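In this document, chain identifiers A, B, C and D correspond to the written order of the chains, with residue numbering beginning at 1 in each.
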Amino acid sequence: MSQFSSAVQETIDRIRADVSRLHSELTRYELVVWTGGNVSGRVPGEELFVIKPSGVSYDELAPDNMILCTLDGRAVPGSPGSDRSPSSDTAAHAYVYEHMAHVGGVVHTHSTYATAWAARGEEIPCHITGMADEFGGPIPVGPFAIIGDDSIGRGIVATLDGHRSKAVLMQNHGVFTIGKDAKDAVKAAVMCEDVARTTHIARQGGDLIPLPQDKIDALFDRYQNVYGQRGGAAEGESK
Amino acid sequence: MSQFSSAVQETIDRIRADVSRLHSELTRYELVVWTGGNVSGRVPGEELFVIKPSGVSYDELAPDNMILCTLDGRAVPGSPGSDRSPSSDTAAHAYVYEHMAHVGGVVHTHSTYATAWAARGEEIPCHITGMADEFGGPIPVGPFAIIGDDSIGRGIVATLDGHRSKAVLMQNHGVFTIGKDAKDAVKAAVMCEDVARTTHIARQGGDLIPLPQDKIDALFDRYQNVYGQRGGAAEGESK
Amino acid sequence: MSQFSSAVQETIDRIRADVSRLHSELTRYELVVWTGGNVSGRVPGEELFVIKPSGVSYDELAPDNMILCTLDGRAVPGSPGSDRSPSSDTAAHAYVYEHMAHVGGVVHTHSTYATAWAARGEEIPCHITGMADEFGGPIPVGPFAIIGDDSIGRGIVATLDGHRSKAVLMQNHGVFTIGKDAKDAVKAAVMCEDVARTTHIARQGGDLIPLPQDKIDALFDRYQNVYGQRGGAAEGESK
Amino acid sequence: MSQFSSAVQETIDRIRADVSRLHSELTRYELVVWTGGNVSGRVPGEELFVIKPSGVSYDELAPDNMILCTLDGRAVPGSPGSDRSPSSDTAAHAYVYEHMAHVGGVVHTHSTYATAWAARGEEIPCHITGMADEFGGPIPVGPFAIIGDDSIGRGIVATLDGHRSKAVLMQNHGVFTIGKDAKDAVKAAVMCEDVARTTHIARQGGDLIPLPQDKIDALFDRYQNVYGQRGGAAEGESK
C-alpha cells in the first residue's frame, strides 16, 4: 500500500514517467554517452523529487526504476527502485531543489561543446537570436567543484540564482540546467549544447557580429512574457 | 462540412500531408533541435498555405494538426488544427507567399553551420559544383531583423527576390529557404546546411580553389534548364 | 520474356539487389544528403552495369527500379526501370567501366570531409595505418571537370589508372571510388571519408607524424596479398 | 558434444553473447566504420577468450559466429565459428590476455578523435573531471607498431601495465582499451573517444584550465574505490 495519498501517488507516478521518458531526449540529441547524464523532476507540492538510478543504461530506464528522493537526496525507503542507488549527482540536484523554490526540473550532462567551453572556463557569448530567446544573454561559468559534498549544488545556485540563464557551465566539468519542470530543463540542456556548438563553429571562421543588448532584452522579454500568456515559454517555438 | 469545394479540399489535404511529412527531413538531416524549425507549403491556386503548429514536437506532427492559414498569417477558423497557434514564424512565411508569387514552399531552420555563417554576417562563397547546381553562386546574408513585425519577411524578400539563391542567411539568426513547393524548399534547406558545413571545414584547412564564374553559370543553367525539360530541377540529381 | 539467358538474368538480378541495398551504406555513414550520391555495379562477363535512377530518394530504392545500362551509359530498352533516367553521373561511371576492365563497382559521393579536401585541391596525405592498408598512400586529386561530356570519366581514369588508391578527389566537386565490385567501391567510399575526416581533425591540432614509406608499402602489400590468399581484401578487417 | 564441462560451456556461451552484443555499442557511438573495430572478452578461469570474426559486418554478428580462442590467438578447433578466421587484431588481444592477468576485456577501434591524437603522437591531457574519474590522468601514446608479429601487443602492455589509464593511443594507428571485462573495456573505448573529442574541441577555442593533480587523484580514487565498494566502478555513474 502506498505511503502517499492517492492524489500524491498519482502525481509521483506522472513525474516518474516524465523523468524516465525525458532521458531519451538526452540520447536523441547525443548529449550523453554511456550513463553520463541525468534528469530529475520535482514532485509539485511535495518535498520530493524523482531522479535516474546510478549506472543504469538509458535503454533500461522505466518509470519503476526511477528513484523517489527527499530533499536531502536520499531514496524514500520502500518506494519502487529504492533498492538501487540514485544518480551520483543526486546531492547536486537536491541542493538546487532545496534552495530554488521555482525550479521543477534539473538536468546534468557533459555534452561535448558545452563542456569544451567549461574546460576553458569561458562563458558562451550571446550572438544568436535563439539564444537570446532561451537564455536572455550569455551562459555563465560556475566554479570548479568536485563531487563528494554540496559544493557542486552551491556553485549551481550561486551562479544561476537571479540570472536569466537556465544553464550553467561548471568549470572543467559539464553542464547543469534548470527549468520549471523536467521537460523545461531538458529543453535548456538541448538548447545549451546547440548554442555552444553553433557559437564555437561560428567563431572558428572569424569575428561574430554583436547582438545589441536592447535586442537581446526584447527577444528575451517577448519569449518569456508574450509566449507566457499563451501557456508558457516551454511550449513556445520562438527559435 | 468543408467550407471548400471538394477539389480544393483535396489539394489542401495533400499539402497538409506533404508539409507534415517533410518535417521528418529536417530531423533526419539534423537541421533542427527541439521544435526550432518549420516547413510550410502554399495551396496552389488559393490564397492559402499550410504550416506547422507552434511548439509541437516533431514526433507528434500529423496532417490534421498542421494549420491552414490565409496570406495574412491567420489560421482559417474552423479548419482542423485551428485551435492551436501556428508557428511563431508564420508572419515571415506569409509575407514571402504574399510577395513572391512563384514561391510554393518556405522552410526555416537554425541549422548549425548555416547559422554560424549568419552569426558572422558572412555569405557562403561558391566553391563546390553541387552548390553551383543548386544555388548558382553564393548564399547571401539578409538583414538583422527580430520577430514581432514583418521585418523578417521583408528581409527575406528583399534579399532573395531576383537572386539565384533559394536560401538566405538571416544575420545572427538562421536560415530561410524557398522553393517551387514545400519539398523543393526542404531540399534547399538540406543543401544549404551541407554546403555551409563543407565550405566551413574546407576553409579550416587552407585556401579554397575559386570556381570560375562561367563554370558556375554553366552548372546552374544546365541544372535549372536541361533538367527542367525532364520534369524540373527538384527531381534531378545533378549533385 | 527476358532478352537475356537465364544465367545472365540471374546475375543481373543479383547485381540489381546488391546495388540497391548498398545505397543504404551511403546513408548509414552519412556520405550523402538528399539524392546526391550513387552506386553502380558491373554485370560480370557482360558489357552492362546497373546504376541508381536519377532523383529517386534513397528510401524508395529497390532492385526493380535500378537501371541496367550498356557501356555507353544508356538504359537497356525494355528492362525494368528503363522508363526513368539513370543517375546524371552515369556517363562518368560508364567511362570508368569501359576503360578500366578490372573495375566492377563505382561510387560517387560529395561526402563532407573528402569534398573539403577536394575544394582545396589537396590530396589526403597518408598518416594512418588503416589508410595505408586500404589506399596504399595518399588519396589523389583529379582535375576540375564539369558534367556534360566525358571529362569527369576521363579525369577519374587518368588519375586512378595504375594508382594504388581506389579513391579520387575530383577538384571542387566530390569523390569517386572504384572497386572489384560494388561493395568494394562502397567500402572505399566509406574509408575515404573516414580518413579524410580523421586526417583533417588531426591536422587541426598540430603536425602529424609521418608514416615511413616502407611501412606504408608493407601494410598495403600485406592487406592486398596476405589477405587476398584467404578470399580477398574486401573480406579482410585489417583496419 | 561440447569439449568443456557444462559449467565452463555455460560461461563460454555467456561471454559469446556479451561480446557479440557489445559490438553494437561501437556502432551506436560511431567508434567504427565498416568492419574496423573489435571487442573480445576473456573466459573467466580459463585460458580462453572470445573475439569477433574477421571481416564480418556488425549487422551479422551473433553469439555463434564469435570465435573462441586460446591465448596464442588460435581458434579452438571444432568450436562454433572456428571455420572462419578471428579478427586480424587477435594476436594483439591474445598478447594482452597472456601478459595482464587482471584484464578481462579488450577493445580496438580507430575512433576519429582518438586516432587524430594518435596521428600526432600526442597524449590526451586531463582537463575534465569525467576523464579524471575514468582514466585518472592523461591517456598515453603507445609506440608505432604494425600488424604481423606481437609488436602491437607488446606496445599495449608496455604502455598500460601499471598505468591508471585503460586506454592507449597507438601512434599513427588507433586505440586499444582494456577492462575488467568486455563491457568495461567498451566503456573505456566510448569514454576515450568522448574525452578525445571534447578536449580537441575545447583546445580549438583557446587555452584550457589545468586540473590540479590532487583533484585528479581525489576524483580517480573516489571513482575506483568508493564506487568499488558498491559493486565496482563499471556500474557507477560518476561522470
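The rule is simple: a residue touches a chain if its C-beta (ideal position, glycine included) is under 8 Å from a C-beta of that chain, and two chains touch if they have at least 3 such contacts.
Being a predicted model, the structure only gives us computed values, none of them experimental.
J.: If we look at subunit B and subunit D, which chains touch each of them?
T.: Touching subunit B as well as subunit D, we find A, C.
J.: Which chain's C-alpha centroid is most distant from that of subunit A?
T.: Measuring from the centre of subunit A, the most distant chain centre belongs to C.
J.: Where subunit A and subunit B touch, do the two copies share over half of their residue numbers, giving same, or under half, giving different?
T.: different
J.: Using only the C-alpha atoms, find the rotation that maps subunit B onto subunit C and quote its angle between 0 and 180 degrees, to the nearest 5.
T.: Rotating subunit B by 90 degrees superposes it on subunit C.
J.: What whole-number Å value describes the gap between the mean CA coordinates of subunit A and subunit D?
T.: Taking the average C-alpha coordinate of subunit A and of subunit D, the gap between them is 32 Å.
J.: Identify all positions of subunit A at which a residue touches two or more other chains, and write them in rising order.
T.: 204 - these are the residues of subunit A that touch more than one other chain.
J.: Please output the residues of subunit D touching subunit C within their complex, sorted ascending.
T.: It is residues 33-36, 38, 54-55, 85, 87-89, 110, 112-113, 115-117, 119-122, 144, 146-148, 171-174, 200, 203-204 of subunit D that touch subunit C.
J.: For the complex, give me every residue of subunit A touching subunit B.
T.: 29, 127-130, 187, 190-191, 194, 197-199, 201-202, 204-209, 211, 215, 218-219, 222, 227, 230, 235-239
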